[in-house]
């Protein structure tokens, strides 16, 4: 990072200026990032050096320690962190309250995700292929399915992705944002392709995600270029001031912004840029899906919030209407298409599209309320989704996970506990009171309404009523239908998965019953603009 | 010769790339089209740098190249794996995931 | 924790006892018998508590009594605060009354395989706790939360223990109410942000919100009004938002149907009184004609449809729809008589219709579960007592003087007449329909020659009444016992006795209820700046 | 005229007037709750309570007469029934000559009929006590009706008697026609009740109270419109209860009930409640502004009395003829009270005498049917005079009283009404008087026809069998049945003479002074005229039916008037065509609308969403390139939109 930053520093300096003026950057603020990325590099080395049988354990320990350490660093920094945030690395990163909140969220969520990834009790050897090089359908493939080996590169990849996400949330200029975007995306592309079973689907998911992701980042990048052309800088604050008054043609501004936002919306799987979501969610190994579903959403919306509030605050009256439209499209697509899904993971994917719509409503309410509401919503949504995918990974039959809805019929009779937990999570997704989902919706809609977006809120409410139907469908299946004869079995999860699910459920419940403290954190400060 | 033409050219290249992504079947070629789009961006970055009389645009171009390179590594790995499985690189053949 | 007024422990107990009961019963569900006894014990305890709390309630005192409040979400000024006024109190008492009876009635019901009595009763107790909370909540946010949560136990009660099409009915019920609730949420938020603008700090405290909202500009009031109104109109089914009720009632087990019609739906009309009138007085006055039209339409439409039903439980649903029309009529014709009438109507409807449903349930139980009216006939020969109680319940349903329902219906009509003569006249004509459908049902089931598949398997059920001769033949067959049909047993008598007592008692001496309710009604009228069309000769109702 | 001037609180004997309600009510309660245990002595208890009530009634009567004329209006406040702010319905009793008179009638006739029923119901011992319970219930409700001191308490009793009559008409509930008749009676009564209810609402709206004293006190200050409206609505109520046109159709069907019921409820007491209501509301009807209302009352009365007579002439069912006779006699009473101050007392007088002789006639009919296997078709009877002499004699006395044979009770009451009607003066007087006269003739005709076909002539039943296949063995009934008949017969003979003198001033405090007007014809002329016309009617009947064989089955080929009369002058057909059938259609239609329309819409929306979802998900083709296309399209749209917003 520091290298990049210093070079960038050069870029921002006048050419004449001698490089000697670079002073050692203060890094206390970004220790969490440094820890994560550093650990990522270390774990790559571990992959290279350790014998196979030691890798899994050491990787798990390392990852968990890393996240714990990063969290610790975060907490320590929080004690004396300036409320208005501070700029580090010569303005490439700005560590402010929202950024810190997002970091906390990301670290907590990735902790759960890592636990899911590391689990080897549900599927002997874990959810990941023993060796990605083996061709699907061959004898070796069948052997690897039985084996207990696992492609432990997943862990460094996870850490890199996490680092990218954390950077993405605090990037103060668009170029850093782009780099972070790639840093978080590339590992995910790979992780999608590493499923132990149904590898064809897994690889297909990887290809789709990759191609479309690359396509999207091209858009993002072109948007950056145009904005650079418009304002002569990629720093958000500069763009903002330029937008306030600049002689350049606004075509550059708005075209650039459009492309930029599209790139971001893609990552956040907001309709109509959601098309990859169902396929990838379904195809990827469930732990990875959980990681994507929870963390990518958080990071992407962190970016969207920052871009909109910092860079495009002044022009909101031009673009707001457009994003209204996008939000509506996203909610409608998510709610309506979810109705007829037959695969649980796809269903959750569409629900995530709908939720992206709700989140966008909060994001375009450019108020403190809108900011804190959206942040809170991200927190709640992340944990609920994480736990949901954790539960999904437990329902299995001979050929792996049984994600087809028909296989879930009468599950409540087989395993009341699992059915109960999943029902609770679904109700949270539907936004029933006493779950975090309700409080999240409440704060977001409250912000939107007080920012004069009444109609949008009403549409959102109707959409969530429609969406409620497909959550109910699953509940009806689990409780009111007779179980299928050769239905799936519910695996008793090991410590890791149990821990992850418990974490998600507890947070969902806690934030539903006593959200006060989290709301205070989310509302503790605005973006730093400099 | 005004820099505007370079901008237009880059826009044209970007469009070609985008269209290419839509019309070509071979995953490799699709990916190349994406690369083309990235390079179109590079062109406009450099041009803007020129217009603004700054260096930063050109520096960014380098960043883009680096990132693109990284992307290629990952991308080719993925495409390769699926090619080995399916013995074809046509993106249309892989549509088990749908609806 | 701050308490307002004495005896707040009573209210707390009222909320906690059923909750605790639910937990205990769930724990005991392994053993049917103990679970049933525990459930009964808790529900009876709750009833006693309700009575004690009524005794300790001073009608002349503050509007809200026995209250307490805890901070919940400070950043939104949300509190967990409960208190009762006259209206809430009587409703809570009714809940306390009905639940033990429902448990008693469901004592021996056959449940779908794999379901336990314990689970069933636990859900009922949970539902009881939530409904008590809904009526007692004085924080709008809290009210909304409970209003939505309330759906979930009911959803499972219908879905898990219901009839053939229970899934459809349960989902329909849930989605209807949930959508209504969400629209209400929009209004709740709207009120909240108004409070933020006016007071600086947001609050959900009912009393404060009333102050903030009730002099908002008309247009704003109308929007907010609709948000609440739709939610409540779905709950207390007003035509045309009623179609979930027949399905839900038809599929729900009898006891659940009682709770559904007797308690859950009352939340809607309660909402009219507690939220619409005080918070949006201008909008209420502005839109009263609309509501009155819906109300009267409900009376006529519900009655006619009731006469057209072939299924007893659907019949009951439509009867209730007609009655809710009366209640709405009373509320939106703005006189202390009509409002008091509506409140007492809420109470009496729970008692009368609750009894009717229970009795019909006993008929169905004897008919081997068939709910088709055509499967029955001439039952009174075999079960005179059952016939008698059905008639009593029916007479109370058609609000014959001397039964409790008469008092309320009379008050509603006589109170509504001065302000809304035309609507009231139409509704009064509805009395004829009421007699029509009740007597029709009684005749088809109890009178005439013994007939019907349910009673005489094998004998073709006679749509057209058979001749007397054939009736005699059939009687002979029944006597020889192709099927044994017995009259009320002790348990059933015990379940029905209190209801009959109340039907007659409240019919002859409703004063206790009226005296409890009227002060609250007067307070509501004052909040909504409403004035009685007919003023008492000596004194004018004073606003505190 | 201000009635409510001095209403006193009742005390002393009158203070215990609540006994009147409690005694029979308690009887009913005990019998209903006691169940089988009370089978043995239930009927005795039932009768005892009513007799006790009668005894108290007599005491009350003397207590009232003991008061000075102006102190005879007394209220007994029991408790506040429905108090809500302005509305204060108290549960209290009004003890005045009018109500006391009715108390005597109800408890008196009631006691007799209870005693009679002991014998009559001896066939069905299993259910006898339930029968007595219902009878007690009825007596209690009827007493409340006449004793209540507000229109709401009256309404209470009003619907209470409706319930009792429903239960008793439907006594043979195993038979569908009985159940249907009961339902019909209740429904048509409800139609009337709606009128009464609306009248009460109007009172509350305009006067602010429903208590008699307040209402009668303030009614004078109301606008004519209100007064007429209230008057007409009250009349609607009266029509329902008293089987007046257009709500008369239920009364004949009500004969499906046991005969004592017909005698007590559908002849002597309940059906006269309408007359009571109008007499009770005399302060309203006596107002000058109420003229139109009064005219409507008279018209209704006139129409009904004719209609009743005409139909009565054609029926072959013993009890139904009597029923229609009741309808027409009540028509007389209504006509009378419609005359206003000139008629209230006369109406009540006729009501009392009619109570006696019509009850007697019904009991006679019951005794006949009791002895003839419940055979009610008069064409299958005949020549029973010898078989059941007591029945014959008592019945004949009642018959003479009814047709107004000189110096029997009917003569005093009916003639007085006819006279008053004529005295109304002008064309009105002629029309109503004429109708009343004509009615007298017709009454004589059909009653004579009845007498001949049942008691005189040759016995036509000797070689016939009853429906249940038994042959007829007519015999006189036992003492429990005959004694009441005898008593009533005495009453029918004497009551008129006794009462006609004293009743008017006795009732004066309640209904105001009887204003004797003298019409175009003097009293003697009128009574002579009446007697002549009645005699004419009777004579024609003798000529038609007295001589020669009567067919056992009713002749089918008859003139239109007869056919029309047999069809109740198409009253039922009218109800059927105008109300029942359209109602059924409407209901069917609404059921369809509700399932297909309202619910269909809801399900339609759901189905629509599902369908569109099913179609839309096809767009998720699984081809990367189509996804890319949607992304590109989306971004183009977004950018285009942004630029448009900015530049246009």
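Quick notes on this structure:
To keep things simple, chains are lettered A, B, C and D as they appear, and every chain counts its residues starting from 1.
Note that contacts are C-beta pairs under 8 Å (C-beta built on N, C-alpha and C of every residue); 3 or more make two chains touch, one makes a residue touch a chain.
Every value quoted in this text rests on a predicted model; they were computed, and no experiment measured them.
Nearest to the common centre of all protein CA atoms is the CA centroid of chain C.
More C-beta pairs in contact connect the chains of A-C than those of the other pair, out of A-C and B-D.
Measuring from the averaged C-alpha position of chain A to that of chain C gives a distance of 46 Å.
As a whole-number value, the distance joining the C-alpha centres of chain B and chain D reads 96 Å. With centres set at the average Cα position, the gap from chain B to chain C is 66 Å. Chain A and chain B have centres, each the mean of its CA atoms, that are 25 Å apart. The set of chain D residues touching two or more other chains comprises 617, 620, 622, 624, 628. Annotation for chain C: no residues touch 2 or more other chains. For chain A, residues that reach two or more other chains under the stated contact definition are 207-208, 211, 215, 278-279, 469. Interfaces, counted as pairs of touching chains, are A-B, A-C, A-D, B-D, C-D.
By the touch criterion stated above, chain C contacts chain D in their complex at residues 172, 239-240, 242-243, 301, 304-305, 307-309, 336-337, 340-341, 378, 380-381, 388, 395, 400-402, 406-407, 410-411, 413-415, 417-418, 421, 424-425, 428-429, 431-432, 435-436, 439-440, 443, 446-450, 465, 468, 471, 475, 508-511, 514, 518, 522, 532-537, 541. Chain D meets chain A in the complex at residues 606, 609-610, 612-614, 616-617, 620, 622, 624, 626-628, 630-631, 633-635, 638-639, 641-643, 645-647. Listing the residues of chain A that touch chain B in their complex gives 4, 7-8, 10-12, 15, 132-133, 135-137, 175, 178-179, 182, 186, 189-190, 193, 199-201, 203-208, 210-211, 214-215, 217-218, 221-222, 224-226, 228-229, 232-234, 278-279, 282-283.
Interface of chain A with chain D (complex): residues 207-208, 211-212, 215-216, 219, 250-251, 254-255, 257-259, 261-262, 266, 272-273, 275-276, 278-279, 318-319, 321-322, 325-326, 333, 336-341, 466, 469.
Those residues of chain D that touch chain B in the shared complex are 617-618, 620-625, 628-629, 632.
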